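Okay, so chain A shows up in both of these, paired with chain B first and chain C after.
So, the complex of A and B:
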């Protein structure tokens, strides 16, 4: 059975692109339009990998990422950040939240800044889940 | 009373001596002469205050002496001593300026009374002289003071940085200072006391001042306000203007207009706004990077999807990919146009057009996206609007931006049970404003979003917003001298009202 990959992105263009990439490489794509919907889907049926955007109007990737990494039942799910936001900005926001909340959330394993060639995306996915 | 020296002239020595004795005992100083000729000599050398002379004397008689004395000094008092019934001589003496008459024989009391009267006359004349002299000096001083003050005021008016134009009660120009001459491009000499208000101002402006005076007699002035003043040669000059209506004892005396030329200030303001705007574009560039990245991923992703579709002969994929590419080409086009519109100065191109038709066009344009997102768009247009002279571009782009925002507000609303609706309304306000209202029942805005609505780079739409939309709309509306009002409630929706000044199409010269 092919592995399930959840794409969480508010941009339908990005979703259709990533979905096509996944299909082409024999993964099963799942899609969510924002962080809130993404979390619902993950909680209902944990995927093998999450490809996560950062800036979304409802339930940002920042929040969803923290939720995933601090929830014991979810923190093993690998996450690829896939966003137009520079990694530096993302890490800065995480660091600020770490200080605010106490504790430390691990950095994302793979951080891809848009735009990304399909091959690069595929390589990243393969690196995480084969 | 200083008139103390009295000359007594009579050819009868005894009379002179008797009178002298009597007068000296009264405290006078007396001089004596026994003929007209001698009297004149003594008069010349001693300059007595009063002369008492007999009329009938051999040689130079009293009348002749009187005449000579009066020629020398008309202020000297001469009392004539006459015989009974000598009316003719008395009349001549009066004509020569005699001050009094006593009949012969001279009684002491009569002489005393005559002298008192003469002294009184001298006293009064002296006093009067003093008064007159004083008065003349005072008038001279006052005149000088008035002249000085008037000169000062003239200088003030002359050198004022404000243009000062005053009209009298017949609306004739009475004050027209150099700054006014400069602003109006007129030679002061051709205006002052020559032109009336309608020669100097346009008919409309002249009438407005006349109406103000006529219809609001209780009002004394028009406070400072900015306006654009059209002068006779067609130049439009931005000015600050104030007017005072002058009344004296309740009667209309005229008006004074003050103008401050704002051309330079306006130019500076314009340059400032322009440089701020460019800076804003600079700020936006970093904000835009994200947006541009999204467009790029759209184009790249779209072409990838098209490639896959072609390879597999998958029409659905081809369609999705192609739509993505088209969408993103449009995003590039819109972004470019927004950037250009925002960074460049643009005059609204006003022309006769039908705003309601523009509304229809825009609704047509967005209807597909709206129905995909289950949003109903309705319009309530005032059929009475017809053809107006406004900038159709401003209406089109403003409405498109507001409707797009409204749709986004619906799409982003977390309450998916709502029946989303956007209402576009047009109406006219007080015959001067064309109003465009866009009302949605979407997510509404929180205070921060509301406060930053017109900030460059600010977007509440994540990667989908450039932060330029309302900025551009705001600029277009501002350039059209219009206004934008917002009413929003978080979770309930937002209403934008744009007001644009218009002219009636038939009222405008189409040449």
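So, the complex of A and C:
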């Protein structure tokens, strides 16, 4: 059975790009338009991998990432960050939230800054889930 | 009523990061989430004779906006804030209302209306339209005067003009939550000349005494909430007196409730809040009628 990959991104062009890449490489794509919808889908049916944007309406990828990494039942799901937001800013935001909330959230497994070539995305997915 | 989430509506030429930056003082009072909205007006990409729908122009405008929002969002994310963004090709007010429905913000921040006087007469200003269609407070942000300088501390010396209406009550409950943010607030009530039963000194003084007592009670409420306040009673034409007071006390912003006049009456006669929001040089925080 092919592995399920959830794409959480508000940009329909990006969703379409990632879905095409996934289908061509025999993965089963699932899509969500924002952080809130993404979390609902993950809780309902945990995917094998999440590809996550950061800047989205109704709940950013920053909050969703923290939720995933601090929830015992979800923290093993690998996450690839796939965003236009610079990694430096993402890590600073996590540091600020760590200081505010206490505790430390691990860094993302893979951080891809848009745009990327399909091959680079496939390599990242294969690295995480084969 | 706390301001935890704000909807920042920008066309980029009116509101930019410097304006947003001056609002970040609200973090001291609980602001944690900013949602950006850029509406690309349809006529910028509409069907043109010989060239059809300007799809390439749409992509270009959306990408330009996206790059600006990413840049702003990075700054806010680094502060530990939550950020969201919408870029839509549509009409301004319906898109604001859609975003309000989805995001449930506590404050809408918008630039001065760009419609011309004739257009406003028939279709109303964006701000008036918005106050009619939402119950959420609206901050009409303005660059001060000709030099286009953004007021750095708009909450430093706000002038709150109360009419003792429902919408003023809403303003009071919101302002009480801003104890850490407001420097010194001036509170005023204008007794309209038309409402005075007679113009003899004794009558005028009696009215002043009554209004002043009411303002003093309100001042105590604000002082209990940690806000330093100074009350003022003015007599005359409300619009003129509010602007006079704003100048006298070097207000950094004017805070107003919105009137309950009917739409048609307001279109032809105007309202004090609308006129001040649309025409004065001061940033204005408007509280629509409670719904």
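A few points about this structure:
Going forward, the second predicted complex is superposed on the first by the 130 of 130 C-alpha atoms of A that agree within 3 Å, B and C clash if a C-alpha of one lies under 4 Å from a C-alpha of the other, contacts with A are read in each partner's own complex, and residues count from 1 in each chain.
One rule holds in what follows: a residue touches a chain if its C-beta (ideal position, glycine included) is under 8 Å from a C-beta of that chain, and two chains touch if they have at least 3 such contacts.
Computed from a predicted model, the values in this text were never measured in an experiment.
Once chain A is used to superpose the two complexes, chain B occupies space that clashes with chain C.
In the superposed three-chain model, the partner touching more residues of chain A is B, compared with the other of chain B and chain C.
Applying the stated contact rule after C-alpha superposition, one finds that A:115 touches chain B and leaves chain C untouched.
In the superposition on chain A, contact of A:20 is made with chain B only, not with chain C. Contacts of A:62 after superposition: chain C is touched, whereas chain B is not reached. By the touch criterion defined above, A:79 lies against neither chain B nor chain C after alignment on the C-alpha atoms of chain A.
When the shared chain is aligned, chain C comes close enough to touch A:97, but chain B does not.
In the superposition on chain A, the residues of chain A contacting both chain B and chain C are 55-58, 60, 84-85. Per the touch definition, chain C reaches chain A in the complex via residues 35, 66-67, 69-70, 73-75, 77-80, 82-86, 99, 102-103. The part of chain A that touches chain B in the complex is made up of residues 10-14, 16-18, 20-21, 23-24, 36, 53, 55-58, 60, 84-85, 113-118.
Of all residues in chain B, only 289-291, 293-294, 296-298, 300-302, 304-305, 308, 317, 320-321, 324, 327-328, 412, 414, 460-464 touch chain A in the complex they form. Interface residues of chain A, counted against chain C in their complex, comprise 34, 54-60, 62-63, 84-86, 89-90, 92-93, 96-97, 99-100.
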